[in-house]
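Reviewing the structure listed below.
Going by the order they are written in, the chains are A, B and C; count residues from 1 in each one.
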Amino acid sequence: MASNKALTQPAAVRDPMEPHPFVIERFYRETTDTFSLHLESADPLFTLNFKPGQFNMVYVFGVGEVPISISSDPGNPKVLIHTTREVGVVTRAMHKLKVGQMVGLRGPYGTSWPIDEAKLHDVVLVAGGIGLAPLRPCLYHILAHREQYGRVVLLYGTRSPEDIIFVKELGKWRSLFDLDVLITVDRATEDWRGVVGVVTRLIPRAPFDPGETVAMVCGPEIMMRFSVQELIQRGVPIDNIYVSLERNMKCGVGHCGHCQLRGEFVCKDGPVYRYSKIEPLFNEREL
Amino acid sequence: MTDLEPIIAENPFFRDFSKEHIAEFVGCAKNVAFQNGEHIFREGGPASFFYIVRHGSVALDVFIPGKGPVTILTIEPGEPIGWSWLIPPHKWHFDARCIGTVRALALDGNCLKAKCENDPEFGYRLMSRITQIMEGRLTATIIQMLDIYGKQ
Amino acid sequence: MNKHGKQILAPDRLQTMLDALSSRGYEILGPTVRDGAILYDRIASVANLPVGCTERQEKGTYRLAKRSDDALFSYVMGANSWKRFLHVPERRLMRAEKEGNRFTMAPDNEPAPMYAFFGMRSCEIHALDLMDRVLLKGPYVDQGYKARREGIFIVAVNCAQPGGTCFCVSMNTGPKALQGFDICLTELMGGQHRLLVEAGSDRGEEILSELPAEPATQADLDAADRLMRDASGHMGRKLDAEGLKDALYAASNHSHWEEIAQRCLCCGNCTLVCPTCFCTTVVDKTDITGEKAERWRRWDSCFSQEFSCIHGGSVRLSAMSRYRQWLTHKLASWNDQFGDPGCVGCGRCITWCPVGIDLTEEVQALRVADQSQKGGSA
């Protein structure tokens, strides 16, 4: 039996480039161009434990591999969810996969959101578009340990109401008394009864105590830039602001060189950074 | 009649104004209320008032032929609506539609303009405040225009 | 270690060293003439070495030349660096095969050859150490590199004749090999042609004990010292490495980058010949039935636009930003990442640049305060 063999043979040193087999247990379409894959390890003895904000390299047979953040509950690592948008060759192929088919996973890689540092603080999560996906594990963790945190606010901006991901869950979160969820869209038609405007506009009036707040921001780089400015303006200490960066990645382990941002290997030194640490790099062009 | 002074004084829009200047605003202000779906004003209509939302939210819509009204911004409590009262030809560029019950302060544009003429310091402070709002809206519009979440 | 001390070996007995290595199962790689250049490749005998050869290197220029004697090591180094044997240009990472809905994945664990690197220069030993820091010393270990790297036997050669584009003295990486070798050779040409040999490891000591060598005299040692002093004073290039990291970071918006970009072809030659450039990409293939797939890792270059592509496009669109990335990485951010600059002063990037871009000159220009920078930092 395969599992017996694995137990009796000494574990060979695994090359960091070797994926683990995972099976698609559920495929869920979030919006017209984003989808979530629910994955379980093909090897029942293997569990891929992760921290909120980390990512995996996801391999599609014969097509390639892409880094995708893990968007599921870190308290339940038996089911891993990857939410992504169809933007390239690999994600387009991924989108055609069916339940029961397989992908390869390597990971988890990278730094995570500061869930320990944020304890006893108010927490503000600012998400733009698909940037909500890497923040969702953080929210799961906070909700599971709600008593350890102060006020918790999720500010979420998308292009239009149709681009909102995790719709069902957002509804559930909105109904919680100890979580404030503010959603805004860039444009809407008359049937949208929510806020219209860029996500940065939510920051000045969100209910949190800026001096005692830890902020985590994830979305397109330009959205993060403006959001950070607004958070600082509101009085959030610059050292309490965290962002998650996106760079090209081929390996996830600091060997391929693609994700470099000056001295940083975003795959292992990031993707989550304390903003004050990378501020000079953040505003430099084409670095 | 309601005393508008405390209402104005605690509204974030007037935060940096002196007591004397608040009193000037009180002289031009009245309380107004609108129902869900009601329009505070329509595109092309005369812009004689300046509104500050106290409760509820107001959608600024642009009517696109063949598509209907598209909301480009919602105004939330504490925020002002419009500066067309200040700039000729004093006509609104958008529809302002109420989402839910809306209570607002309406300030008479002509009244405010007269006070600005008489008291240049008051005028300067009001213009500075409005410029700040305009700058914020402009930046937000630029980000919106970039369509940062969209496909490239 | 130095049980046998320094020895003298006659050049015509050098074959005994190669034989001792072969008999232990080493595959010997060393300098040899091919395609009009000195390259590192398989060698079986001393006759395969570039005997009586030398080369002239300048920016954008490389020419082989004949010497009037039978010198064995009177050139600088191979045009290709040793990196290609350890961090191979192309490596299959795994094979995958479809089985119904699923597929299996098998890593490619081909057995690693046992290499002897014959004729490694001091700068190249330093480059090897730098590559180790990238692929072995971090939180993740490149198993393919590790397997190839672990057993190598290194025969170093001290550089008596620096090339026109050499600047190892500036980078503190040569010309004399101080460590990291099993055996080190110094070729003495004045008077009788002879090789000064010393061991740097027990393995080296063992080989040395089998050679028909004699103890070196004080005169031999003095000659070798003189040779090294001389070589140090004859570097073809100089690079001011003092405070270079901060200087380059401060020069991030210097107008000179744009000037370099006018010349740079973004061909990536420099990254290919560089002994420390380690970047790779991954390529996926399937067979015609689509049932079998392979993943290959290949050398990549930060000079291509795709290198930094994210879904919104390339992060480094301009040639300026790509050259800046390469040079700043090599001479500045490498310090932040691995504790030292990623340049060993071998000069290959200067010699093999088709348009003759010389990083030592560019660094000099970047150190001069930018006149055209308006209102920038001083």
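Simple rule for what comes next: a residue touches a chain if its C-beta (ideal position, glycine included) is under 8 Å from a C-beta of that chain, and two chains touch if they have at least 3 such contacts.
These numbers were taken from a predicted model, which means no experiment stands behind them.
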item	value
Identity of the most central chain, Cα criterion	A
A-C against A-B, pair bridged by the larger set of C-beta contacts	A-C
Longest centre-to-centre distance from subunit C, chain (CA-based)	B
Separation of subunit B from subunit C, taking each centre as the mean of its C-alpha atoms, in whole Å	67
Euclidean distance of C-alpha centroids - subunit A vs subunit C, Å	40
Whole-Å gap between the CA centroids of subunit A and subunit B	37
Where subunit C touches two or more other chains at once, by residue number	311-312
Multi-chain contact sites of subunit A, meaning residues that touch two or more partners	87, 220
Residues of subunit B that touch subunit A when the two form their complex	57, 59-61, 67-74, 76-78, 97, 99-100, 136, 139-140, 143-144, 146-151
Subunit C-facing residues of subunit A, complex	13-19, 21, 23, 42, 59, 61-65, 85, 87-88, 98, 100-102, 104, 220, 246-248, 250-251, 253-258, 260, 262-263, 265, 268, 284-287
Complex contact set, residues of subunit C against subunit A	93-94, 96, 98, 101-105, 107, 134-135, 138-144, 249, 252, 278-282, 284-286, 290, 293, 295, 297, 300, 302, 307-312, 315-318, 320-321, 324-325, 328-329, 332-333, 335-337
Contact footprint of subunit B on subunit A as seen in their complex	33, 87, 128-130, 157-159, 163, 184, 186-190, 192-198, 200-201, 205, 219-220, 222-223, 226
